[in-house]
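Structure below; questions to follow.
Think of it as A, B, C and D in the order they're written, each chain with its own count starting at 1.
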């Protein structure tokens, strides 16, 4: 059994870690911290977990106690992992960070987008970006520090990687029109996340300035082998969970002759052995609810007027494949388990 | 492995059986029927199940093939199990019926409420009402034919049974004000179930004439040992899953002196060993979402102005503890497994 | 044109006043205050109002300027009207208070339920409870200070008044099982009001201790001519607007013989000339959406098993007939207009 | 008063016409037809309208009676207006068709997209496309037959017209990523429109083959003065009303130097005198709820990375500016009223 600690367990990624780990055959959560709720029983805050963690209480973060875990998940606002990761790594405990702290390789770029200096630039070189479908598994297995990708970046990168790797599309002018459920805004009492503000309505937000922008371009540039140009427009959708990314790319002149079968085959081959990506038949329309609660990214491909423009649809549950499930997928690899151990429950539908 | 057949698998209780059985360690679904969709792959109709049933197709119902199963679930409109159960039992296959066909013991009462003659009255004497918390487990273990309770009846009976058994409350004047998500209306294209009709609105319906009325009074009368008088008002709520029953009962004169601790203790003792009922602390307010996707009934007790009136709050997921999960709970008992085998996943929250 | 001021206009009752007054032919909003948002243009905070109030800015509350209005609406948390009403009345300006400050006639009872001393007990004797269907219109016309009823109290009192006035029902053992949309919790960033917390779920709350309890019993006792005993259980429903009250009462022995026609006729006669109450046919089930955005209370009557128990269904839009619309209805009466002037728009459906 | 008839009044555009016309000072609905519901009182089908149309019953369509109206609205499935328009026009009654029957100028193109021959090609030359912001008002005033634009086409054309008219953008490679509420699918009992199917989920549909595609390209080509190339991806969003169009276009090389102020000014000037278009400040993010129930199209402009790519956000209520409200806007022009008469109510928010 892997001994697990969770730092900052009172948000949605925290409770989702607990929900998923309750079903994981090799996981034992021994520690969960929260400054604001220290002393509270986990089951009192999250009644869905009643009976699963009868003895678990939120406690003050304490590096010594955390150091007795095999691995610690950070489900914290940005900046927290910066301040605690090194001390924890020094105890020999491995760290899986669900926050944005180690996602960007460039400390200056991080500082620019997050409006504060990077707090642990010396760890950047060893942090591994934990998108298992695009990263060498050996790197994840050996990693001490994993940066779990953001929700939008996961859905966009998985949707575009095969075409960029193959070099079939233009690397500039990529458009990602993404729609997210409200849980992406976290379990904090913000006006804009109220049912009466976000319900029964749709809007774009942070057009051109969302913090996931540099993370997406970093990842896409990696697989493309060159800088990519991206327009990323996130939208808030009146639902709890789910991200739907609609991706628009253009075939290069050399590749205009590719037909549907070839393009579909490119994706089939790429994701063939990947248990957490489900490629649907050409022309299908994946629904976010089909992955609700599951760790899958479901993808489908379209070429509307048989022009040079391809449309890729990519859906995930932002709290699972977009956060806590992917974190556990990384843990599975780090500890030598099957990649999808404990993560195979079907989506909840309806 | 238990070999399982499902008749009428295209509705919500059908897909929910498949979702739950996909995670059950002792279950193998070998057959699923649908007249209208024979030949369709299960995964094509329910994309959330992609990868879990790669070889399963809907087929025409066929008693011979169904007879090769250990157990067959009927997830059908009423009347269907009437017409097929006997033939199936004759093959030695056991039947778990999720429809209303065998819930009422009195064929005439059934005929009156369902507007057609009872189609298999000769089976009524052996049908076992499958509410495991209130029925002798030995009867379920030995049953050939289980009538799975309705969703409202499950939440109301579990909420009231301890007080009625103890004889602490008046048996007439019981009020059940129940609120259901829209999935209770089934996966059929009805105007009233449209998002634009049922969304962002609340209404009562079938006041005094809902078909679950006689089922509830039958069950409550059983545990009370005498006829009960019930007012049952169901309401449609703009959500997908969940039933919230608010139950109003009055302590008898002899029991007015009972204090909160005694009443809570009555429930604690009654449900102590029952893995699928979760009694919350006195005065708590269970949320339906806390049981979303789980097989729990979560109950809490109130005595508002310390008068003779008690308020019991009882929540379930209508598709799980109110239908498919409870059906599997019965199967577990029938085949000698732990009652909650494969049914322990926490609710999906948020 | 009536010159109108609004104090505390940044909540949902504030924006709803602005929405309704924009369509009122005799209203001119000249002033709106907000300490936190002074200087902000109303249209910038509420884009639905763009074009309707091009020159209106939130300003610091200032009694002198407010005193130049004919009437000032308080759309504030409790306690604010206490502190400002007297000074405003001294200027000759009339006050319509949407908060709870003057709803209870007994200052001690108010202090007990609101956890602080009543701030203006000397005004209680002249405050008029502004439920126009139950209060003498002449009192409203002449009032300097109106206490607009709460949302739950409006729907419950209108649902029960005819039977209590007629003395046909028992005055104890009344049950009000009420369901509210989330906007009733106000436009404040509370965790429990998040879409991800309140969406797709149902729960009871404040069982036996909701602050509307004493307001409802005060009003019901008035119409009954004696103290009433009430159990009031409010529930949170996953929708934005709407209250659905399901009311359970028992006919007295003397009145058991009353038939449906007589009971319906009692309500018909009572509300015949009332433009803001719509009595539906016997046995109907009003939907909250049918009054979305409208100032109507829609009522229907049931007698489920022809027993002594009656079920009354009463729906309103909590922000309109339950708050801002009713406030304007009072204003109309105070200034000699038709009661429903500017309030006749049909509900928005779907 | 304009005497109005409505053909096919049982769908969402029908009830929305009734809701809006109930508030219109110059409109009198004298006739409403429905084959399936002839004899039913309008108020019984639409309880939100109770009290507004006490004497109006659905009747069988009858050209003679319809011919006594000044104008008849068709709120029917496609094909119906084809079969009845000529006879009606012959009586001197004017026709405003909310269906797709006369939107495309080319009968063959219509036949191709709608899968049946065009039923009234001889009327195409005189049908006027009723998008008042883009069409000469004199043509509308004199029209006998108006084709009211579709919902998606309204939001897309209004969002793009100024740039296309000015010739500042490339006319090929235009992308319209559109999100619609479920009411766009109509008031028909379709599986995909159920709350349990469309709720809490997001998906694309009809990628590259939606029937609004040719209507949009026809309109855009008109304003551009040349053929445009469009990729149109509609999405289903879990809300009742609202369309959010996110439009991606590229400045031509000659116009790359245009700055934000110039582009904003282009739109300001274009829509300056148009009461039903509201241009928001540069960089704003309009919410669909801000136009819920209102006849406005609200638009905002973005240039994310200061590249050649512009993002235009355009929101409408699909049942108002996208259907019934726009129909009345046309009626106002036809009968010499102010364009927005009866259409000025603010959006319902929250």
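FYI, contacts are C-beta pairs under 8 Å (C-beta built on N, C-alpha and C of every residue); 3 or more make two chains touch, one makes a residue touch a chain.
Quick caveat: nothing in here was measured; it's all calculated off a predicted structure.
Novice: Tell me, please, which of A-C, A-D or B-C gives a repeat of the B-D interface, judged by over half of the contact pairs matching in residue number.
Specialist: When the contact pairs of B-D are compared with those in A-C, A-D or B-C, A-C matches.
Novice: Specify the chain most distant from chain A by Cα centroid.
Specialist: It is C.
Novice: How many Å are there between the centre of chain B and the centre of chain C, using C-alpha atoms for each centre?
Specialist: Here chain B and chain C have centroids separated by 39 Å.
Novice: Using the average of all C-alpha atoms in each chain as its centre, how far is it in Å between chain A and chain B?
Specialist: Chain A and chain B have C-alpha centres separated by 36 Å.
Novice: Please set out, as single numbers or ranges, the residues of chain D touching at least two other chains.
Specialist: Residue numbers touching two or more other chains: 12, 181, 183, 187, 196-197, 199-200, 238, 240-241, 286-287, 289-290, 292, 350.
Novice: Give every residue of chain D touching chain A within the complex, in rising order.
Specialist: Contact set of chain D toward chain A: 173, 175, 177, 179, 181, 196-197, 199-205, 207-209, 229, 231-233, 235, 237-242, 244, 246, 248, 283, 285-290, 292, 302-305, 307, 309, 311, 313, 315, 350.
Novice: Within the complex, which stretch of chain A touches chain B?
Specialist: 12, 15, 18-19, 22-23, 46-52, 183, 187, 200, 240-241, 278, 280, 286-287, 289-294, 298, 319, 344-350
Novice: In their shared complex, at which residues does chain C touch chain A?
Specialist: 12, 181-183, 187-191, 193-200, 238-240
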